[in-house]
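Two complexes follow with chain A in common, the first pairing it with chain B and the second with chain C.
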Partner chain A sequence: MTVVADLSPELAPKLAVELGLKPSEYDHVVEILGRTPTITELYMYSLMWSEHCSYKHSRKALRMFPTEGPHVLQGPGENAGVIGVGDGWAVAFKMESHNHPSAIEPYQGAATGVGGIIRDIFTMGARPIASLDSLRFGTLDKARQRYLFEGAVAGIGGYGNCIGVPTVGGEVYFEEAYEGNCLINAMSIGLMREEDLMRAVAAGPGNLVLLIGSTTGRDGIGGASVLASQEFDERAEDKRPSVQVGDPFEEKLLIEACLELLRGDLLVALGDLGAAGLTSSASEMASRGGVGLDIDVTKVPQREPNMKPFEIMVSESQERMLAVVEPDKLDAAMAVCAKWGLRSTVIGQVTDTGRFVVREGETVVADMPAATLAHDAPIYDPAMERPAYLDEVAAFDPHTLSHPESPEALAETLLGLLASPNICSRRWIWEQYDHQVMTNTVVLPGGDAAVLRIGDTGRGEMTDRAIAVSSDCNGRYCYLDPYTGAQIALAEAARNVTCAGGEPAAITDCLNFGNPEKPEVFYTFYEAIRGLSDACKAWTIPVISGNVSFYNESFGNPIYPTPTVGLVGVLDHVDQHCTMDFKDEGDVIVLVGESYDELGGSEYLKVEHGLVTGAVPSLDLELEAAVQAAVRDGIRSGLIKSAHDCSEGGIAVALAESCIAGDIGADVHLHDELPAVSSLFGESQSRIVVTCAEDDADALVESLIAAGVPYSVIGTVGGDRLAICERLSVSLDDLRDAYEPTLEALVHGELQSEELHEG
Partner chain B sequence: MRFGVVVFPGSNCEQDVVGACRYLGLEAEYVWHGDTSLDGFDAIVLPGGFSYGDYIRCGAVARFSPVMNEVVRFAERGGPVLGICNGFQILTEAHLLPGALLRNRGLKFICRRVPLRVDGSCDWLDLPLGTVLEVPINHNEGNYTCDAATLERLNANGQVVLRYCEPDGSSAEDGSAPNGALDDIAGICNERGNVFGLMPHPERVVDPLSGGTDGQPFLTTVVRKLAEVAG
Partner chain C sequence: MARYEIFVTYKTGIFDPPGATAERALANLGHEGVESVRIGKYIQLAGDVSFEAVTEMCEKLLANPVIEDFRIETVEE
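Right, the complex of A and B next:
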C-alpha cells in the first residue's frame, strides 16, 4: 500500500511545530512511520499527542490514584467509570472540562461541554439521569464576567433542558483568579443494569464501522490542540471558529437511538466523537481491541464542500457517534437510526492489520499503527519547584487584624457573608435548569447534595435505592495549600453526600491547573494529586474517571489550582435521606465535630478584609471519617432530622442556611473558648450541624459518644430569629434578604461586590 | 381505560407521564408520533419536552406528525386530550386550543414550583373553584397570549381552568404569572371541555417522593369521568 507523499521532508517538521508537536515528538512520528508523514498523519498525531488527548504531562502523577474498590465495575481508561449500586443496578459517571471554548463563547462552550460528557455516559450503555456543573468566574463587577456567567448558565440550561436530563447540582465561585480563564466543568451520571455495560473496544475483522448522527463540518477543527493545550492571550477572539456548536435535539435522538441499538444487541462497540473527532474515537477503539481500521473519508457525510481528508479526520462537529457492527446486523442497526431520524453511514471496516488506514477514495492519505496514536504519546516528567508564596501565606497570622466584636458588628458581618457571591443563594442559577425531569430528584438543588431515586421511570423497574451526588472544590484552599486543599475538596464532597444520607462510593475529578511546563504550576498539580490520593486511600473512595485541564492561564497568570471532585454516594433506602432545613420548633441542635481557631483562607478574610491568605484549616482524615460515619448512622436510624455541613462562612452561615431553608429560627450557644470571629466564621473542617427531636436527644448523644466523635449540644430550633448567645442575633427576614437576592442583582449589574463588602 | 402518551422526536416527559399513571395504578402506553391509529386508547396525553428541538416555533413541526391527524379526530369525537407544557404548545399550533405561548417575560427558562388556582373545570380536572394546587412549571415559552375577543370568550365560557396565583390563592395586582402570561392563564380547555392544555407539569407531583401529590387529580379525574359516561 502506497501512501500519498503530500509533504516534503523540509516542510513536514515546520507544519508539525505549527500544529503543536515538539521537534522531539515529530522525530518520534518519523521513527514510527519510517518515512516523512503525510498532512493527515501529522494532524492526527498532533491532536492525539496533544496534552488534552494524551495526558502526557499528567499521566505519571495520576498513577497515584487508587482506582479499585468493592463498588467499581469500570475504572479509568474508558469513556466513563462505572460503579455498582446494588440489586444489579450500575451508575456510570464522569466529569470533564470545557473551559477554553467557554471563555471564548460561553453559551456554546458550556452547552457542548454538557453534550460531550453526556455522550461519554450513554456510550457506556447507561441512560443519562443527572448533570452537575462546577463553574468558576471572575467577580461579576465586570461586564465581561457577567456575560460569561449568564451565557454559560443559559448554555447548560439550553442543552440540558432540551435533552431531558435533569441538572441537579453543582457549585460556582467568583474569584479574580478566574477572570481571564473561567472554568466550566460538567459532570454527567447515567444509570444502567450491570449486564448492559458496554465498552468501546473494536473487534472482529470484517465488521463495519458505522458513523451515526450529525454531518461533519469544519467546526472545532483542532479544538483540542488550539484551545485546550495553549494559554490565552489577546488573540483569543481569533479562536472563535474553533468553538463547536451544539444541537441538543440531535443529541436527544442519539441517546434514544444508541440505547435502543445497545438493548437490541446490535453493536460490537460504541464510542463518541469528542476531542480530535473521528481520529480519537476510532484510534482508541482500535487500539483497545488490538485491531486495525480502514476508513474512507469520502463516505463521511459532509456539511461543507471541498473538505480535506485531515479536516474530516479531526473535525469536532458535535453529536456524532461511531459504532462497530457485524455485517449481518447492519440493516437492523441502520433501521433503528432511521426510526429516530438519524443519519447512519458505513465509513469503513475493522481489519486484522493493527493499522489505522485513511483513504480518500483510492488514495491512501494516512497509514499508521493504530496503537501509536492512542498510546505512544510521549510521557513527560515535568520539573517541579515549590512556589515561594506558599510559605509566605502560611505564615500569615489573622490575629494581627482588627476584627468585629460587638453583636451589631458581628451581625453585619454575618449578613455580609450571606450576601457574598460565593455563599449566597444559587436559586437564580438552578431555576434556569430543569432539575426534576425523570421525576427521580428527591432532594432538589439548594441543599448539600442532590438525591436521586434509582429506577427506570416509565420504562421498567423502580427501586427503593438512591444515590446522593455532589461536586466540590474550594480553589482558594488549593492555592494556599494544594495538598490539604485537594483533600478538603474530597472531604467536603463526601460530607455533603453524607448529610443527604449517602455512603460515599467513588469519585470522578476534573483537574484544572495552569501551564504544567512551569515548575511552580506543576508542583501545585503534583501536590494536589498526592493530597487527593492520600485521602482517597484513607477513606477507600476510588477515582473511577476524570479529566485534566492544563494551560488555564491568561497573560501568564495561572488560575487557582482547582481539582474539582464529583462524588457519588449510595443510599440503600431512599426514605433514609436527609435535608439541611431545620424542621420543627423545639428540635435540638447538635454540632458534630469541633471548632478551632482557624481563619486562614476563609470567606470571612476575603469579605471583611479583602485577603486571600493564611494557613488553610487542618484536616484530620480519621476524624473526618468518624464524623461522617456517625452522622450517616444517625440519619439511617432516623434520629437525625436535618444535617448541614460547615463550609464557607463557618458555623454561623451553616446555621443561617438551615434557618432560611426551614423558615424557622434557632437559639444557639456555642461552647467554645475561641475569639468570636473564629468561632462564628472560622472554617474548621469535619463539622456537621444536625438536629433531632427533643425526645431523641439523649439517644443521639449516646450514639455520638459510642462513635467516639467530639460533639456539643448547641441549642434549639424555634422562633423567627437566629440568636447565637452573646455574639449576635438576626431576624429570619434579614437573613433571607441578605441571602436570596445577591446573585440576580450582580448579574443585572445592579450591585457591585464592593458594596457588599461594605455591608 | 388506557392512556396513550404520544412520543415525538424530542419529547422528554413521556416516561414521567407513564410513570405517574403506573404509580396511580392506571394503564398507559407509548404512542409513536408516526402511528396513524389511536385504536384502543381512551385518553391521549401530549407530554412535555422539546418536540423537533422546538425549532421554528415550539410545537410548530410536531403538529404535522402523522399521529396528529388522529389526535384531532379523536378530540373532535369528544375523546379526552391533555397537553402538558410542550403538549399545550402543540395543541395551540394544531388549533385544538386558542392562543399561543410566547417566550417568558424576562427571557429566562423557569423551573419552579408555583401555586395555581382552579378557576374552571373540564374532563381532566374538576375540583372546587378556588382550590390552590402546587405544581412545578418548567419552560422557556409559557407566556400565554390571545386576542381580546378570545380572552373574553375563554372567561365567559369558564375555559380558563387554571391561573397562576399567590400562595394564598389571591391574584397579585400586577399579575402572579412568573412567565408574564396574559390574565395569569396557566391552563385552558376547549368549549367542550375534553381538550385541556396547561404549562405546569402535574406528572411531577404524583409520587410524594418527588415532592407532592397535587398532580394526582389531573390523571384520576378523567378516569372517573369516563367511567361515569360508560356506567
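Right, the complex of A and C next:
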C-alpha cells in the first residue's frame, strides 16, 4: 500500500515540533513507520502521545493506585469505571477536567465538559443519572473571575438541564492561585444492570465502523504555524483554534439511541469521540481488540467544505459516537439511529492487519500499527525536587498572631467565616440546576452528600438501595502538604458520604496540577498520588477511573495542587440515610472524634489574617475509618438523627450550618482545653457532629464506646441562638444573614471580597 | 439620535446547534434544496452613541468575540 508523501523529510520534523512532539518522539515515529510520516500521521501521533491522551508523565505514578476491590466490575482503562451496588445493579462513574477550554469560553467550555463526561458514561451501557461539578476560580472581586464563574455555572446548568441529567452536588472554591487558570471538573454517574456492561473493544475483521451523531467540523483543532507558511494551506483563517459548542438535545438523542442499540445487542463495540476525536476513539478500540481499522475520511459527514484528512481525524466536534457493527446487523442499527433522528454513516471497517489505515478516497493518507498510537507513547520519569516553601509553611506557628478572644470578637469571626466565599451557602449555584430529574434524588444539594435511589423509573423497577455521592478537595491543604492534603481530600469525601449513611465503595479522581516538567511541581504530584494511594489502600477504596490535567499555571505559577476526589458510596436501604440539619428541640449533640490545636491551612487563617500557611491538620487513617464506621452504624441503627462533618471553618461553622439547615438553635459546651480560636475554628480531621433523641443518648454513647472512638457529649438542640459555652452566642437570624447572601452579592459585584476579609 | 442594527452570528467553523436543528427539521418537513441554515441574533440599538462606541459594546457584551462575529449597520433616518 503506497502512502501519500505530503511532507518532505526536512519539513516533517519542523511540523512535529510545532505540534508538540519532542525530537526524540519524532524519531520514534519515523522508526515505527520506517519512513517520513505524513501530515495526518504526525497529527495523530502528536495528539495520541500528548500528555492528555497518553499520560506519559503521570503513568508510572498512577500505578500506585489500588484499582481492585469487592465492588469493582471495571477498573481504569475504559471510558469509565463501574462498580456493583447490589441486586445486579451497577454504577458507572468518572470525573474529567475541562479546565483549559473553560478558561477561554466558560459557558461552552463547562457545557461541553459535562457533555463529554456524560458520553463516557452511556458508552459503558449505563443511563446517566447525575452529575457533580467541582469548580475553582480566582476571587470574585475581579470582573473576569465573575464572568468565568457565572458562565461556567450557567453552562453546566444549561447543558445538564436540557439533557435531563440532574446536577446533584459538587463544590466551589475561590483562591488567588486559580486566577489565571480556573478548574472545571465534571463528574457523571450512570446506572445499569450488570449484564448490560459494554466495553469499547473492536473485534471481528469485516465488521463495519459506524459514526453516529453530529457532523464533523473544525472544532478544537489547534493552529500550527508551520503549516500556515506552506502552500497547502490556502486560508490562514481556517487554521485558527476554534471553540467547541455543545448541543445537549443532540446528546439526549445519542443517549437514547445508544442505550437502545446496546439493549438490542446490535453493537460489537461503542466508544465516544472526545479529546483527539476519531483518532483517539478508533485507535483505542482497535488496540484493545488487537485488530486493525480502515477508514475513509470522505465518508465522514462534514460541516464545512475543504476539510483536510488530518482535520477530520483530530476534530473534537461534540456529540459523536463510534460503533463497530456486524454487517448483518447494520440495517437494524441504522434504523435505530434514524428513529432517534440521528445521522449514522459507515466510514470504514475492521481488518485483521493490526494497522490503522486512513484514506481520502483512493489516496492513503495514514498507515500505521494501530496499537502504537495508544500504547507506544514514551513514558517519562520526570525529575522531582521538594519545594523549599513546604518546610517554611510547616514551621509557621499560628500562635504568634493575635487572635480574637472576647465573645463579641469571636462571634464576629464566626459570622465572617460563614460569609466567606469558600464556606457560604451555594444556593445561588444549585438553584440554577435541575436536581430532581426522574425523581430519584433523595437528598438534595446543600448537604454533605447527595443521595440517589437506585432503580429505573421509566421501567418501573425501583429498589430500596441507594448511592451517596460527594466530590471534595481542599487545594490549600494540598499546597501546604501534598501527601496529607490529598489524603484529607479522600477523607472528607468519605466522611461526607458517611454522614449521608453511605458505605464508601470506590472513587474517581481528577488530578489538576501545574507543569510536570518542573521538578517542584512533579514532586507535589507524586506526593499527592502517594498520599491518596496509601489512604485508598488503608480504607479499601479503589480508584476506578479518573483523569490527569497538567499545565495548569497561573501567570507562570502553578495552581494549588488539586487532586479532586469523586466518591460513590452504597446504602443498602434508602431509608437509612441521614442529613445534616438539626431536627428537634432537646436532641443531644455529640462530637465524634477529637479536636486538636490545629489552625494551619484553615479558612480562619485566610479570612482573619489573610494567610495560607501552617502545618495542615494531622490525619490518623485508622481513627478516621473508626469514626466513619461508628457514625454509619449509628445511622443504620436509627440512633443518629443528623450528621455533619467538620471541615472548613471547624466545629463552629459545622454547628452553625446544622442550625441554619434545621432552622433551630443549639446550646453547646466544648470540653477541650484548647485556645478559643483553635477550639472553634481549627480544622482537625476525623470529626463528625451528630445528634440523637434524648432517650437514645445513652445507647449512642455506649455504641461509640464499643467502637472505641473518642467522643464528647457537647450540648442540646433548641432555641433560636447558637451558644457555644462562654465563648460566643449568635442569633439564628444573624447566622443566616451572614451565610446566605454572599455568593449572589459577589456575583453581582455588590460586594468586594476584600471587604469580606476585613470583616 | 443614531440608530443601529447589529447582526450577531456564530463564527465560521463554530458549530451552530439551532441552525443545524432547523436545517434538519426543514428537510424533514419536505423542503428540499436547503444547503445551510445559520441562526443568530438581531439587535436594534438607538441612542446618542458613535459607531465606535457600539463596536465596543458588541465586543464587551452584545456578542461573544470568542465564538461569534458581529456586523453593525447604521440605519439612515
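In the analysis below, the second predicted complex is superposed on the first by the 737 of 759 C-alpha atoms of A that agree within 3 Å, B and C clash if a C-alpha of one lies under 4 Å from a C-alpha of the other, contacts with A are read in each partner's own complex, and residues count from 1 in each chain.
We adopt the following convention: a residue touches a chain if its C-beta (ideal position, glycine included) is under 8 Å from a C-beta of that chain, and two chains touch if they have at least 3 such contacts.
Being a predicted model, the structure only gives us computed values, none of them experimental.
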item: Partner chain in contact with A:R303 - chain B first, chain C second, else both or neither; value: second
item: Which of chain B and chain C A:I104 touches, first, second, both or neither; value: second
item: Touched partner set for A:D247, first chain B, second chain C, both or neither; value: both
item: Touched partner set for A:S317, first chain B, second chain C, both or neither; value: second
item: Partner chain(s) touched by A:W430 [first = chain B, second = chain C, both, neither]; value: first
item: Touching partner for A:R218 - first (chain B), second (chain C), both, neither; value: second
item: First (chain B), second (chain C), both or neither touched by A:D472; value: neither
item: Chain B versus chain C as contact partner of A:G341, first or second or both or neither; value: both
item: First, second, both or neither for A:L444, with chain B first and chain C second; value: first
item: Partner with the higher number of touched chain A residues, chain C or chain B; value: B
item: Where chain A meets both chain C and chain B, residue numbers; value: 247, 249-250, 341
item: Chain A to chain B touching residues, read off their complex; value: 154, 157-158, 161-164, 247-250, 252-253, 340-341, 430-442, 444, 453, 457-459, 462, 574
item: Touching residues (chain side chain B, partner chain A) in the complex; value: 9-10, 12-20, 22, 48-50, 52-55, 108-112, 136, 138, 140, 201, 203-204, 206-207, 209-211
item: Residue numbers on chain C that touch chain A, as the complex places them; value: 10-17, 20-21, 24, 28, 64, 66-67
item: Chain A residues within the chain C interface of the complex; value: 104-105, 108, 214-215, 217-219, 237-238, 242-247, 249-250, 303-304, 317-318, 341
